[in-house]
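Structure provided below as structure tokens; questions to follow.
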Amino acid sequence: MTAAIEFRGVSRVFGDVRAVDDVSFSVEAGEFFAMLGPSGSGKTTCLRLVAGFDLPGSGQVLLDGADVSAVPPFERNVNTVFQDYALFPHMTVLENVAYGPRVRGVSSPERSRRAREMLELVQLASQAERRPAQLSGGQRQRVALARALINQPRVLLLDEPLGALDLKLREEMQIELKSLQRRLGITFVYVTHDQGEALSMADRVAVFNQGRIEQLAAPRELYARPETAFVARFVGSANVANAELATKIAGSAAQPFAIRAENIAVLSESAPLAAGSVTAPGAVVAVQFHGAASRWQVKLDAGEVWSALVTEEDARALSGFAVGTRVRLAWPHAAAVPLSSASSGS
Amino acid sequence: MRYRPDKASWTTRIGAFAGLAFMHIPVLVIILYAFTTEDRTYQFPPPGLTLHWFGVAFQRADIWQSMSLSLAIASCATVFALILGTLAAFALARARFPAKDALTVLFVLPIALPGIITGIALLAAMKLGGVDPSFWTIVAGHTTFCIVIVYNNVIARLRRLPPSWVEASMDLGADGLQTFRYVLLPQVATAFLAGGMLAFALSFDEVIVTVFTAGNERTLPIWFLNELFRPRNRAVTNVVAVIVIAVTLVPILLAYYFTRPDDEHETAR
Amino acid sequence: MRAASTFFYRRPYWYLALLLLPPLLWFGTVYLGSLFALLWQSFYRIDDFTAQIVREPTLETYKQLVTQPANVDIVVRTLVMALAVTAACAVIALPIATYMARYARGRVKALFYVGVMLPMWTSYLVKVYAWRLLLAKEGIIAWVFAKLGLMGVLDSILAAPGIGGPSLSSSYLGMFLVFVYMWLPFMILPMAAALERVPGSLIQASADLGARPSQTFRNVVLPLAVPGIAAGSVFTFSLTLGDFIIPSVVGAPGYFIGMMVYVQQGTAGNVPLAAAFSVVPIVLIFVYLSIAKRFGAFDAL
């Protein structure tokens, strides 16, 4: 089956900056695809390449198997929800949503009807006659969504749409967006720098760094088996040991690896070790209380500061361990994830 | 003295209001003088007030002629300037190409350099090309700086438009012309009109460039200039001054009205 | 239409060229062409005997310009006046711009903005004419001085060399006053715009660190307003430099550059000399612009 979107060796250079560097991937039809990465990593540029606001310097962008380099945005069957919503202030909410059909020549009564349908879908039918300036952030976001969906695009692009909303609203919208996608069956491509969002909503996530995709996998896979140090650090925080550090901890010629904070236990110096565990001695630097668990920062004798997530239960055994106390970090050997290139820092 | 950061000191306040008053006194004085009965000197206080000179002025054919000439020139120059200035503004609003900075300076030059330079440059060109001064040479001169006014107004407005609006419109299926009609035009309309009004007022009042590009044509400002150098009937001149104030005041106020209360259309992030 | 849009989508530079062509064509021929013609003419000279323009390139006219003391006087006189007017405008505009930008709210602020814009856009000639009336011997200013019993003061001012003259309406002082009045709005608006851009948090930080209001003003606000002052000064400087009407109408006997240009090309028929004279302000203004740019004027325009 042809992919909904395909990138083949795409590059885009701005001056001396390689915003997108020889990127290739494909997005399946009906998939919720997330592009995750820090600002400047190339994810937004890729989105714009799909939408048509920019053209690749080299390589091909294909939609439904067809090369779209020569196709302008108004001819592509792709719609975008912008970061700043881009609602037209001089039109009412209804007119905004009806814009797509309007420019395609749909008659006025027909497009009003369709627009009202879409507003029902996002639960904003009551606001149809108001102007964007009179709506709250969350409402505007839903208008932007309705406006994009009315054209029944093959792909919906979302450019960090929840960035401006507060936490509670963001979490609600995440659930709504996911269920909307499931119901409509449209391919969603979602750009964000928030790894929590990407992990909770996407079917697959592409992690971008400096114009390249470091890893593309399902959220669980990404979390459990990060391939590079960057991915390990960016998706859920992890402690990363490069080759040097690995050798100091695990013995000669050890590979670089990453270990998640929640897999590390903090033990006193004299406590017994479980079989098959790796250990590293150090001193406590700080303890941060986070409710159900605490984050313990320990400076390893080997050099770096690592963090361990300790549940309240286990913390009882450690009561009295103040800053400076010498402890040992321990983890099962199997929990350590080998990395391909630990030298590429975040 | 108590520290009140949101209130200006007395010196500042007095300076501000006094300065503002200073700027308006001369014009108010002229308006007063239009009603004086004394017609040979500029005596103050005026010995009496009358509307007589208004009647006299309205009967003078030469004044009407000059006025209609000025209106005609201003209209032509404004139309040309609106077209050319808007094109230039759209081109340079968001473009990025090597010559852009040079072009930006170019489009500001007619206002940055004194009018006399523009005037004599045009005269030099006319002499070199063997072109006689006429209605159209005046219009040519006026159009040049009127373009700058329109350009400034339109480009300022264009630059305030978030680029995502144009992208959103195209994303939703509108081509270039539709985007222009439905999204850009409503936003730019007021700046366009304001630029036109200002250009009209400027052209109507222009004298320096006109002096160089006019042959026997006498626009109202030129008529006025002659009166300044060789006053014939001071009282009538005062009346004409008031008329000029009135005629230029209308477009100015309209332009101001167009460009001020635009905030409601600009936001709605 | 969609086909055309698609065409231009792929060739954005073509679209740009299309838009720019008419205005550029106009500017290129009418404006730049004229400036060029002017420059060209300044390299010609006038034959003293036939009073005809000799059309061969020469530096004769420029030599005339810089060697004859009368000509140099004209340039210096104009330059001095331009600088004096600029300085005075800056000083007078400061309280107005400060109040407008930082302290006036709502209606008062709108009042100020309209109050500055109106005189700016009122007819230039009408304003000059108004000052003629004000400065006349029997006019309002003399009347005020007489009422206050200060005629003696007025007379002694007028008797002062360099600025005085037979009456206010034909003295350098009078000219100076009119210039300052005319260009004041051009100085106020950029200044107010620059002052308005000073974030309130900076003022608060300065106060928090212990500075008195006057110190805050001097050390924080004023330096940040400099680009606005520079931008405004570009207008006052270049406008004064090229003006010929005000010196003629409210003038002392000495010539100014603008008047020289007007006279030379008119009655004297000496277009080359007029052209050479007009090159002077162009050069001076470009020099001033580069200085002003260093102070950030271009960002405040």
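For clarity, chains are labelled A, B and C in written order, and residue numbers in each chain start from 1.
To be clear about the criterion, a contact is a pair of C-beta atoms (placed from the backbone, for glycine too) under 8 Å apart; a residue touches a chain by one contact, two chains touch by 3 or more.
Treat the numbers as computed from the prediction; the structure is a model and nothing was measured.
Of all the chains, the one whose CA centre sits at the greatest distance from that of subunit B is A. Set side by side, A-B and A-C show the greater C-beta contact count at A-B. Taking each chain's centre as the average of its CA atoms, subunit B and subunit C sit 16 Å apart. Look at where the CA atoms of subunit A average out and do the same for subunit B: the two points lie 54 Å apart.
The distance from the centre of subunit A to the centre of subunit C, with each centre set as the mean of the Cα atoms, comes to 57 Å. In subunit B, the residues that reach two or more other chains under the touch definition are 175, 178.
Multi-chain contact residues of subunit A, defined as those touching 2 or more other chains: 72, 74. Residue positions 2, 5-6 of subunit C each touch two or more of the other chains. Residues of subunit A touching subunit B in their complex: 51-53, 72-74, 78-80, 82-90, 99-100, 102-104, 131-133, 140, 147-148, 151. Taken together, the subunit B residues at the contact with subunit A in this complex read 162, 164-165, 167-175, 178, 182-183, 186-187, 264-269. The touching residues of subunit A, when paired with subunit C in their complex, are 55, 70-72, 74-75.
On the subunit B side of its complex with subunit C, the touching residues are 3, 5-9, 11-17, 19-20, 22-27, 29-30, 33, 41-45, 83-85, 87-88, 90-92, 95, 97, 103, 106-110, 112-118, 120-125, 127-129, 140, 143-144, 147, 151, 175-178, 198, 201, 205, 207-208, 211-212, 221, 224-225, 227-229, 237, 241, 244-245, 248-249, 252, 256, 260. Looking at the complex, you find that subunit C touches subunit A at residues 2, 5-6, 9-10.
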